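Take a look at the structures listed below.
One chain, subunit A, links the two complexes that follow: it is found with subunit B in the first and with subunit C in the second.
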Partner chain A sequence: MPESLLTEFIGAAKSVGLNYGFLASVSERTSWLRGVVVTIELSVLSILCSLIVGTVIASLLTSGRPWLARPARAFVEVLRNTPTLVQIYCAFFVCHMLVNQSVGAQNNPMSAYAWVVIVFSIHFGAYHAEALRAGIEAVPKAMRESAISLGFSRRELLVFVELPLAFRFALPSLVNNLADLVKATSLGSAIAVGELTYASLMIWIERDNVLEMMILILLVYGALTLSVSRLGFLLEKRLRMPGYGH
Partner chain B sequence: MKTVQILGALGVAAVLSGVSIAAHADATLDKVKSRGSVIVGLVLSGPPFGYIDPKTQQPLGLNVDLAEDIAKRLGVKLESVAVTPATRVQFLQQGKVDLLLANMQLNAERAELMGYIPTPYGDAGGGLITLKSNKVTQWEDVKGKTVCVSQGSNYAKPLDEQYGANVKGLPSQPDSLLALKGGNCFASVHDSAPLHLLVSDNPEWKDFELPLPADLIPLPSVIWVRKGENDFTNVIDAFVQDWYRTGWLLEITRKHRIPITPLLEEWQAKYPVAKK
Partner chain C sequence: MPQPYLSPEQRPLVELRNVHVSFGSNHVLKGIDLTVRKGDAVSIIGPSGSGKSTILRCINGLLTPERGEVVVGNTSVHTLRTEAERIALRKRIGFVFQQYNLFPHLTVLDNIVIAPIRILGVEREIAEREARELLAKVRLSDKVDAYPGQLSGGQQQRVAIARALAMHPELVLFDEVTSALDPETVGEVLSVIRQLVEDGMTCLLVTHEMRFAEEVSQQIVFTEGGEIVERGTPREIFHAPRNPRTHAFINALRN
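Moving on to the complex of A and B:
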């Protein structure tokens, strides 16, 4: 953005009583924009990983083998029934310390950022798993039987018949979970991951322009969640199977 | 229908009276007197400044003692509200507290936003706590290392800009110390007085030390009020000066095992203890 436009914006905001002076400081502006980028990175990475985790758990849950399904069920229940923030604290303070003790602080490859991605992947993975399980269970019995009669193995049945259909059935809830995930990235601020909320917090602590930063936060998260739900909607339309419950 | 109208009128009257109080030039002193209590925002992040006594669940510490004395001198009850470094300014500005005794040092940015009692009651600078095995000998040693502070700390800026540390702000001082202990940060920087107590008293911290003799940016600690509350400021300022003149401030600072700094001695010399 050209510098003059920025100065004009800061002046205009000031005339209505809003203090966006931080935009004039290059270091503060870069650190805030960096926060926006980190939020997007964190969201994209966690969305991909959580979908993989969710698919794996859903397959275990519906495998029909108790020694796979039961541990998967316990995993889902633990993750769904504890607060996300507590899980983040637990990872950052407890798991990190355990890793340190076993390999030494210098060799610890983990960072706060990595812990947040891991926690989000398994936390939201558990939610996805439940949505996908509902989808898998909604696959008509007749379809499953015809696949088996055509000689599909159990694995082929899951990969080529059940999951593609389950994904379509579960898509609205999955998109819901993903919008939730994008908003939850703000919890990273609790362990000093430099995402949008943390970057904004660091600025309003210095400048005490809470309202102004809140407006920006609202706009960015709003734009992000809106794009996630729009993408989800487009995907739903694209994957629609004519004549099949749509 | 009628009751609704009466209630509505009462509501409007209540709002109007609220507005007129708010518009009054020096609302706080009047409000404190009419309420019969003074609401003080305290940071309870640990000894010696402010903490919760684990046995009685009552707040204790230097800040609490000072707040109690202010209430006593005003002749009202003390209501204490726990605030954190990240929320304290909002608490004051929104009128949820009348004054802040929140380990908050005087600097130009804050003085622009808020009013303060001109006579300081102490001073504080940053102490660096780290593992003894890290062998830190000077502030320059933090360059490129992860240093944890609490969100809202005024040590973040000098650490970042002057010493090139990778500064991480955690929600509060206990979180930052926990992160230090868990190996998430190379060192933590907070007000030095509580850290000295921690390493000398707590066996869990025996592997840690405060290796640097000079504090980072020592600044006067002052009591903060809303801007433009001149009467209130003058009343409290007289109390603080009296703390020096009676010798009570040094006494209570020592009682809480807070080091008497050269700055504090300087201020004490300005308001000598009256001879009996």
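Moving on to the complex of A and C:
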């Protein structure tokens, strides 16, 4: 953005009583924009990992083998029935410390950022797993029999028939979970991950412009969740099965 | 001395001996004996709930009988224990269902090539060429890129037959394949099966289409209450049944 335009915006905002002075400072502006980028990175990374975790857990849940399904069920229940924030604290203040103790703090490869990605991946993975499980269970038994009769193994049945159908059935719920995930990235601020909320907080502490920063936060998260649901709609359209169920 | 020669045509491809199946306390099959020779078409007829579909399910290992023997070619189906062994068997047996059961997320072409490519390891190009030939055979060349949901029941069932044939089966099992169809599309499916029988494919059909069964089959088997009541040539079963139950069933359908 050209500097003159920025100055003009700051001036205009000031005339209606809004203090966006931080945008004039290169260092403050950069660290805030960095927060936006981190939020996007965190979202994209966690979305991908959570979908992988969800797919694996859903496969275990529907495997029909108790020694796989039971631990998977326990995993899902623990993650769904404890607060996300508590899980983040637990990861950072318990797991991280345990790693510190065993390998020494300077050799610990983990960071607050990495823990947040892990927590979001398994937390939202658990929600995805339930949505996908419902999708897998919605695949008609007769469809399974026909795939098995063609010579599909249990795994091939899952990969080529059950999951593609389950993904389509579950897509609206998955998109819902993903929009939640994007909003939940703000919890990263609790352990000082420099994402949007944390970066904004750093600025309003200095400049006492909470309202102004809230407006920005609202706009960024709004734009991100809206993009997720738009992408979801596009995907739904693309994966539509012509004539199915009509 | 020349050995007595048994040509492949005379050797049974499918043999069931004293097959028993129960679902809980429901004794569905009570000692079924059945022989299908290579190249023959055999039709199983009988009232609903008489265990006809269960017989087919025992043959491709979807069900394991608690008693009796099922032999397909050189494979003793009743002794198969592992998934890999059952898969090897199922690759050799086509199965066409009443409800077609095409994969709704795949085009007609992909429905046909998925099993040859993923299971037999056929190259996509070769599999697709063959799929197009099969579609021409079932007269659906113009539906290559359609999705199952866009086809009529009769068209879907013909795709399902092409899908089964793409695996080059030794035997095709048909489980009431016209029962879910509109009357006007039954004919197109039956003519595809008729062509298949004429080409020498071994077919075992569970059917309610009596006229068709009479026309294409070498052998008719009448089942009731989990037993084979009578078997014979179409002429014997439809025109001179010996068993009064067969007689009653055939007559009821005539009227």
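Here, the second predicted complex is superposed on the first by the 245 of 246 C-alpha atoms of A that agree within 3 Å, B and C clash if a C-alpha of one lies under 4 Å from a C-alpha of the other, contacts with A are read in each partner's own complex, and residues count from 1 in each chain.
The working rule: a residue touches a chain if its C-beta (ideal position, glycine included) is under 8 Å from a C-beta of that chain, and two chains touch if they have at least 3 such contacts.
Keep in mind that what you see is a predicted model, and the values were worked out from it rather than measured.
Once subunit A is used to superpose the two complexes, subunit B occupies space next to subunit C without a clash. In the superposed model, the vertex angle subunit B-subunit A-subunit C (Cα centres) comes to 160 degrees (nearest 10).
Once chain A of one complex is fitted onto chain A of the other, the partner contacts of A:P242 are limited to subunit C, with no touch recorded for subunit B. In the superposition on chain A, A:M143 makes contact with subunit C only, not with subunit B. In the superposition on chain A, A:R70 makes contact with neither subunit B nor subunit C.
In the superposition on chain A, contact of A:E156 is made with subunit C only, not with subunit B.
In the superposition on chain A, A:L165 makes contact with subunit C only, while subunit B stays out of contact range.
Between subunit B and subunit C, the partner in contact with more residues of subunit A is C.
By the touch criterion defined above, A:Y198 lies against subunit B but remains apart from subunit C after alignment on the C-alpha atoms of chain A.
After superposing both complexes on chain A, the closest C-alpha pair between subunit B and subunit C lies 49 Å apart.
In the superposition on chain A, the residues of subunit A contacted by subunit B and by subunit C do not overlap at all.
Here subunit A touches subunit B in the complex through residues 92-94, 96-97, 100, 105, 108, 112, 190-192, 198, 201-202, 205-208, 210, going by the rule given at the top.
Interface residues of subunit A, counted against subunit C in their complex, comprise 140, 142-143, 145-154, 156, 160-161, 164-165, 168, 239, 241-246. Contacts from subunit B toward subunit A in the complex involve residues 85-86, 89-90, 109, 113, 148, 151-152, 156-157, 168-171, 175, 178-179, 181-184. Residues of subunit C that touch subunit A in their complex: 60, 62, 83-84, 87, 90-91, 93, 95, 97, 99, 101-105, 114-115, 118-119, 146-151, 160, 163-164, 167.
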